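Naming follows writing order (A, B, C, D, E and F), and every chain is counted from residue 1.
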């Protein structure tokens, strides 16, 4: 076992339509606990819904978007939503709001919106790239 | 064949993760053309993403949320997103924004947010209730 | 529209790929006289050598064309308007 | 981490239900020495009488408990921390 | 006219089964007759001793056990799927009726709604 | 190190296959070696004469045909799936290599990514 590996995590399943964000969060917490480093969490496809600032589950249900955002902030881990996936699915930041003249923005802090190049960089530079897919 | 039936359409598949909104729209257009009446279009589960005002597909791709909203407005057809499904998935109107102190609202015009009672009423009063599910 | 002792002819709208478990369940649930309408990914069944389709089987033309299957002779092609007509003619429709 | 002639032992993380077509594809792709980690809906395989699981098979305890299967003796139970360790030990992981 | 809600998806992996249960309870709340049918991997919703705390979810077992109280007329399960997933009588929630074929079960109901 | 993208889902019913193609083209754009494998119902992406105008989508056939130009090294397809879906040589896009087993195909690549 190599201690201190670097990971990119890719989440393609949305909260509520899949268990992917939950499994990925438990995995990410244990990664940090084991002394590994997370280069970035990349949201792709349906996974971009995890970055919605407006998700408001009932108070007696788990709040995966909120828990994930707290984790990213606490660990200063970059969270990146793929721009193409996000725009289609209505996840936009202030810049996209201005560019497309939209009525609002809803990208949750601390996520950034960026291209697939972030994923390619993970492939090149991270020791591990682990995917968390939907259940279909 | 009975002319002039009343329909409730239920869409449970999201745009981009399923073909359901597209099939449902083609079906709805033909319903109107055949002289039938649509009592309501009810978005449930993943289907609520169709009501996002922020969905911004590339200009050379179909814009199902935009096309559906135009259809509803042109035909004065009520579009209803289930409140429980919508809140979890980050689709909120001004009222929910205020109630939960959210940073924005993103429910597309002319959709309304309401409870499953709207679906129950469709079961009771519409001649037909037709479902458009995701592909999983 | 009251429940009858004998179930009336039913329209089954199936949009799942032949690989999806719901596909086989649907085919096993059909009665003689029912109509099966293939939509979306389910139209792949017309070229699936393992799918035994019933006699009363129709498929949406737009979905066949998208998948390069419009020339397939195994099935009766319908339009979205035809699908509307089928739902009006059947008081019982199941969406799989 | 260069490509070797002989493929090294691989970790397969499978989260699909045994009814999902990807489940059978995964089981058919395993090599002797690979490890299969069942997660989410895939843990139902431990109680599926039609699923032939390989010897090197582990399953997430939290997912087994959720589905009432924590007492099932057919599989080695792992934690999320164990799953992290498995991904660190294997230079090749496939998420199904 | 009783509405039958059919759940064929495995529990906890997605929210669609829960949202189908919400439909059943909503019908019951409006005094509309409703029933549930579990088929395929969906029968695993009916297993006893579920504990979803470790995956951060609420267990649905109590909701299902309370279904008759809330007016859900019947809970049906596909027999062959119960056999496949080793869900014997002692493993299942009480009050579940096994049905030999999905086709026969569907025939009993005028209105059928699959989980999305 | 070549990355193999695996697509096992039927075309047009969801966007996941298209988004997997975007991954392949993105690798190629950054001069990273990439290959595609179609298995199960996914082999139907490779059929000729697709015309998705009637469902309001763009046809992917041209994107796939252009894949080699953009640097995608190989397009592989599962032989048994092609047989199942009657996708003979004349029905398929040119330049597709049939592979007898998914296991052997995966063995050729260090890095495997399934469509989401």
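Points to keep in mind about this one:
Keep in mind that, in the parts below, a contact is a pair of C-beta atoms (placed from the backbone, for glycine too) under 8 Å apart; a residue touches a chain by one contact, two chains touch by 3 or more.
Here the structure is a predicted model, which means the values were calculated and not measured.
Interface comparison, A-F versus A-E: the pair with the greater number of contacting C-beta pairs is A-F. Taking the CA centroid of chain F as reference, the farthest chain centroid is that of E. Between the Cα centres of chain A and chain D there is a gap of 24 Å.
Taking the mean of the C-alpha atoms as each chain's centre, chain B and chain F sit 33 Å apart. Inter-chain spacing, taken between the CA centroids of chain B and chain E, is 26 Å.
Shown for chain F are the residues in touch with two or more other chains, namely 9-10, 12-13, 15-16, 40-41, 55, 57, 111, 114. Among the residues of chain D, those in touch with two or more other chains are 1, 15, 17, 19-22, 40-41, 62, 95-96. Residue positions of chain A touching 2 or more other chains: 16-17, 19, 23, 26, 45-46, 61, 84, 88, 131, 133-136.
On chain B, the positions that touch chain E within their shared complex are 12-13, 44-47, 84-85, 88, 115-117, 119-120, 123-124, 129, 131, 133-134, 136. Residues of chain A that touch chain E in their complex: 16-19, 22-23, 26, 60-62, 64, 67, 134-135.
Interface residues of chain C, counted against chain E in their complex, comprise 1-3, 7, 21-22, 25, 28-31, 92, 94-96. For chain E in complex with chain B, the touching residues are 3, 9, 15-16, 19, 22-23, 26-27, 30, 32, 111, 113-114, 116. Contact residues of chain D toward chain A in the complex are 1, 13, 15-17, 20, 22, 39-41, 60, 62, 79-81, 83-85, 87-89, 93, 95-96.
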